[in-house]
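Both of the next two complexes hold subunit A, though its partner changes from subunit B to subunit C.
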Partner chain A sequence: MNQYGMLSQLLDVVMALLLAPLLTGWLNQWRALLQNRSAPDLIQPYKVLHKLFFKESVIADHASPLFRMVPYLVFGCMTLASAIIPMLSTDLPLAPAADAIALVGLFAIARTFISLAAMDIGTAFGSLGARREMLIGFLAEPALLTVLFTSSLITRSTSLTSMVTSMSHNSFAIYPSLAFAGIAFVMVSLAENARIPVDNPATHLELTMIHEALILEYSGRHLALMEWAASLKLFAYSCIGLAIFFPWGVSTSASPLALMMALPVLVVKLAIGGALVAVIETLSAKMRIFRVPEFLATAFMLAVMGMLVHFLLGA
Partner chain B sequence: MLVVLTVWLAIGTFGVLALHRFALVAKVFFPMGAAASLVLCVAAASAMGGAAEVAELPFGLPGLNFHLRLDSLSALFLMVLGGVTTGVSLFAAGYFRKGEGTPPGLLCLQYHLFLASMALVVLADDAYVFMVMWETMALSSFFLVTANHRIAEIRQAGYLYLLLAHVGAIAILLCFGVLQANSGDYTFNNMRAQHLSPFWASIAFLLALFGFGAKAGILPLHVWLPEAHPAAPSPVSALMSGVMLKTAVYGLLRVTFDLLSVQLWWWGVLLLSVGLLTALFGVVFSAVQVDMKRLLAYSSIENIGLIMVGMGLSLLFYAYHMSALAALALAAALYHVASHAAFKSLLFVCTGSVLHATGERNLGRLGGLIRYTPWVAWLSLIGALASAGLPPLGGFVSEWLLLQSFLFTPGLPNSFLNMLIPVVAAAIALIAALAGYTMVKFFGVIFLGRPREEKLAQAHDAGTLEKIGMLWLVAISILLGLMPSQILKAISPVIKQLSLFDLSPSIAANAWWLLAPISVARASYGPVIFLLGVAASCTLAYILVRLFYHGRLRRSAPWDCGYPLQNARMQDTAEGFGQPIRQIFEPFFRMERELPSPFDAQPRYRVLVEDPLWYWLYLPIARWVERISQWVGMLQKGRIAVYLLYSFLTLVALLLMAKQ
Partner chain C sequence: MPNLVGQLINLLASILLILSFAMLSQRRILSLIRLFTFQGVTLVAATILLGYSTNQPHLYYSAALTQVLKVMVIPTLLHRLINHLNVRWDTETLINIPTTMMIGIILVIFSFNLAAPISSLSTSIARSTLGIALACVLLSFMMMITRAKAVPQVIGFLSMENGLFFSATAAVYGMPMVVELGIALDVLMGILILGVFMFQIRERFDSLDISHLEKLKED
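Now for the complex of A and B:
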């Protein structure tokens, strides 16, 4: 750890906070483009956040302190998550505090508290959303962990930074196990970030909504924090995927030059990844809610198969 | 150590003398018991790591003195016992009310006898003391379970518990019989010296697994748990789930790692698979329960399963002489013993407070209590989060250690096991995530939302003593979560005693806030930094939002998409919350459903979820027992002449045998 280490840590967090709404805006643009609609502004998410922060918050009469605490907590969890994921560099002083398993635990805290806050008001939609969110969570969480296990078995470490370091040092090799894990990861990320085919981020007031049902009672600054946390989550998931499956370009030192090199590479990777997600979302239809467990169970099975393939082929 | 036990027994006796003087018993005797527990905890902590102390008490039969021994393993379980009972006794002081079943003085005796017998089970150094104390423990807890013995269901639950406890005790007795290998000496020292053949060692292991498993609640022997826990008063459920189940874990550890001189690899596989099935079964059933204490009882089954998985893995590594990994898996199991003891007793005492405040155990009649009983709600939130295995609390540390030891598995000489065991890690991840689902249901339905019944608005918060008891247990849970490397260093003598590998140097090599049992590059976890990171970013976000924008807030009616005419009955119920689990894991359950038809004037929906093992296993056995006892019953004629004939025939038969 040196002053550059601190610098890269700070840069990591600030970049994630600033770029996350942009990724959401980029994705929305591509979706609109692919669906022959005229697209919203690229910086529309920032405008929305700014507007929401200025509005006053309206909360239910009987909301408990838990309800007001949760937006900050969820936002804090996502910020910490973006601090421990090696996005630009693997020299992160905070990284030893949480490995891949603790990272999944961090996402689990956020999910648990969002669901609890949704149940707090005691409306029909809120508790419905909480139940569905936990349903997706309990299937997606082990699938995500298993994906991470597969790569940690390859790299013999569960620390995210050493995983990325040893992956990017390997010469270009195709791991069949990672192919399975990769498909599973994409499926899990779609489900966890409320994208089609599991949930539709563009609709509101649908009986099948999940994410929207959870944050239905929030307004003003609380809603802004929740929305920002949601785009941070999308950003974090994209970066985990890039770090595990396409680690090339992440710098292993924290010198300013290396960080400057890593930033454009990351932006290009994220831009391509975002466009691909938009393509997937456009090509698939939203599933019935009862089909979601099958979808996620498939992801879980694929991840487990990835692990088995690793043992069968030793790669 | 013995002083504490004497104090406990003395308190119990005083309790009998003051049979009906409620205030004295509650406000003086129980807090005194709590103080004694604290002393026990500290004394045990100081004995940890030291040489084993041996004592011989002149009790029992002539020539058969009580042998007691305090080594690191006993000290660990005594620490758990002392630490948890300090909180539970304080809570109990505020909990027990006048005029409910057993008189308070008698309850006080049973309670302290229960505590003393658990401590002596852990201290016992020969099979006699062990069995006598094991039985005392079973009987005293039976009387505690049936404290409200005027209710028929409670009597039934108590009977089922007693029955399974005794079936288990017989197996343990037989196990000790095998272990002493015909030498006639039942001290544990003698058992350690015996070298059993692999066949007899396996018999002893299987008997121990069955006997201790019946107490711990592993898979087919779990049926008493979900019946006995709801029946018992909450502090008693807390002790049974938090501590008594752990004495069974202690027994199994003592027999397999200490008394038996050989360990075979397939024992580990057996323990691992039984543990995994138990955990999965427990968590799936706990997700669909509608009675809050039954839900927690099934969750205890799950946690015991996880402990068994850790022990099984450790045994497997140990049998292959990979002692570093055996130590890691054992550390996970022992850590889970401690953290489960803390958070499960906390959750059980919280249900006790809810029960007193509302008189309801059914989740469908609760809701919104966070507004009426904030103390209970916030404290049980911490328990629920620990139980869901979320960082930075105690439950996560043990889960983390367990997953780490699974990911190290490659390297076993058996390639088939090598391949399958990391897959078990995926199943553990699933179980942990389901536990999170269950805990959101538990906390959300009881404390959040709007009250489902009118009377809940009158609910009152816990009393002072109850609060102190709960705070103590919360403190243990948080401490277990934040200080894993200190605690692991403290219990490393136990791990060294059992697995012959010392974890402490590799733990001590890192900074105090970092837990990295193998190396930092391999895996590390720093809960304090983790907590500070979350707390700092939350506070920063709060300050910045307030600084740059404003803090304006308006209260109004909930929006809920603008639908008017919603009431509290339209919230998700406990049944509704369990519905996805019922659907996904349908083969696990035996369900009876009654759906209303469209033409019903008064539509009713009813669903009953039952345990299929009850029908597949227990009822057939019960039928057989009944049939056989009818045959045996034919011997009973009720006439003295016939009985004299029986005695005569027996005598003749014995004489003939003696002559040969």
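Now for the complex of A and C:
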């Protein structure tokens, strides 16, 4: 492990932690603009985090230690995930520790614990949210894995860093299988990040909520960590998408200049991606919970189709 | 750049496959017609590209024929038909949609396997897309089977014709002009006759549900 690798690893994580709330704020701003509402501040998520960190954290009397532990665990999972994903550079010392499949497992750990904590208190909303979260999770996970398999078939590696390296070094070619995988990935990430066709991130205390129902019992610094972890998850999913489908601009050589150049490129890509997600969210209506399996079955089908098309066309 | 054109044809073939699946999962008749129009546009683009890459001007003619017939005339006819019949509402499928999707995947694997030995005999630039074309035919066939109402069945029939047309173009650069014109006119006539049939069915049963046709006499 050389010094440069340490530096880029550190920069990767710190940047993810700092920029994740900004992406959420940017998305909310675009959503508000597109829906003819006056937009909240771009730095609103930071203000919310700041407020929550200085508030007292109230915990139910019969909460088990698990309930206190989960915010730190979930936040840790998301931080580790953002350490593995090549955002700025492919020279990440931590990346060999986990490939794309382990990354999906990491998200699964976070999901399992967040659901356990929601059921721990024993409120109706908590267990309702936990069940819905698990329903979505078990349908979205195979689709996400299949998307990752398709891109690893093309690049002959399941490690995200080597995927990015070989994708950005190959000469330009059109991969029809990646078109399928791309659509499937967008659908999965909308479902996983509680975005509109599946869950409405703006609802609070409604019967249709999923993510909000899970974290309803948290307050103070615990809630702040949960919110931050949710932003990090969105950020991590966006970066996985960018790494697989638009890998250009990520620094693949060990030079500080390339690393510095990668940051503005990433910010521009994320800004465009965030605006596109806001457009999708504005154009679609939230679907009934019983239509969600249909939505995710379509995503899974598209992902499988991408893999089949790869075998048929060899591209 | 023949390589890029080949890749583009592969991409368009994949888009055709996506559209077939979208039609399979679509509940609304209006969206079905829109998807059918998109399928026509994709077919036109693929045919033009194939004609360009192989220098076969007759493919331009069949592209023009497809454009006029399947992108302009037939969707207009279908729109008029559903306005007259007043059937704009959602249609329920006979099997639920996730199951349909899973059967669809099996059909795709089947047709990819079936087409593999055939396409290895062909010398066409688009030979590898034969499996996709076959899959489109089978998926449209399944769409006809899983729908209870008459209008989606007709759209399934038309989309099957699209798949057949694409497979002919992909495998052997299209059929002779006479055959193509014949098929095109057949499809047009088919639409007109099926339209009359649909009016008759509704007149008789007050519904477009074709399961009524299983009864031979009134009871």
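Miscellaneous remarks
Everything below uses one rule, namely that the second predicted complex is superposed on the first by the 313 of 315 C-alpha atoms of A that agree within 3 Å, B and C clash if a C-alpha of one lies under 4 Å from a C-alpha of the other, contacts with A are read in each partner's own complex, and residues count from 1 in each chain.
Please note the rule applied: a contact is a pair of C-beta atoms (placed from the backbone, for glycine too) under 8 Å apart; a residue touches a chain by one contact, two chains touch by 3 or more.
A quick note: this is a predicted structure, and the numbers were derived from the prediction, not measured.
Following the overlay on subunit A, a side-by-side fit with no clash is recorded for the pair subunit B and subunit C.
When both complexes are overlaid on chain A, the residue A:A179 reaches subunit C alone and has no touch with subunit B.
In the superposed model, A:T298 makes contact with subunit C only, not with subunit B. Contact with neither subunit B nor subunit C is seen for A:V268 once the two complexes are overlaid on the shared chain.
By the document's definition of touching, of the two partners only subunit B reaches A:P142; subunit C does not. Between subunit B and subunit C, B contacts the larger number of subunit A residues.
Contact with subunit B, but none with subunit C, is seen for A:I121 once the two complexes are overlaid on the shared chain. Of the two partner chains placed by the overlay, only subunit C lies in contact with A:L313; subunit B stays clear of it. The gap separating subunit B from subunit C in the superposed three-chain model is 6 Å, by closest C-alpha atoms.
Overlaid on A, the two complexes show subunit B and subunit C touching the same residues of subunit A, namely 293, 297, 300, 304, 308, 311-312. Those residues of subunit A that touch subunit B in the complex are listed here as 53-54, 56-64, 66, 72-73, 75-77, 79-80, 83, 94, 96-99, 101-102, 105-106, 108-109, 111-112, 115-116, 119-128, 130-132, 134-135, 137-139, 141-142, 145-146, 149, 152-153, 156-159, 162, 205, 216-217, 220-221, 225, 290, 293, 297, 300, 303-304, 307-308, 311-312. Across the interface of their complex, subunit C is touched by residues 173-174, 176-177, 179-180, 183, 293-294, 297-298, 300-302, 304-305, 308-309, 311-315 of subunit A.
Of all residues in subunit B, only 367-368, 370-371, 381, 385, 388-391, 396, 399-400, 403-404, 407, 410, 418-419, 422-423, 425-426, 429-430, 432-434, 436-437, 439-441, 443-445, 448-450, 514, 516, 520-526, 529-530, 533-538, 541-542, 545, 548-550, 552-561, 563, 566, 568, 570-572, 576-577, 579-580, 583-584 touch subunit A in the complex they form.
Against subunit A, the residues of subunit C that register as touching in their complex are 4, 7-8, 10-11, 13-15, 17-18, 21, 25, 96-98, 101-102, 104-105, 108-109, 112, 116, 128-129, 131-132.
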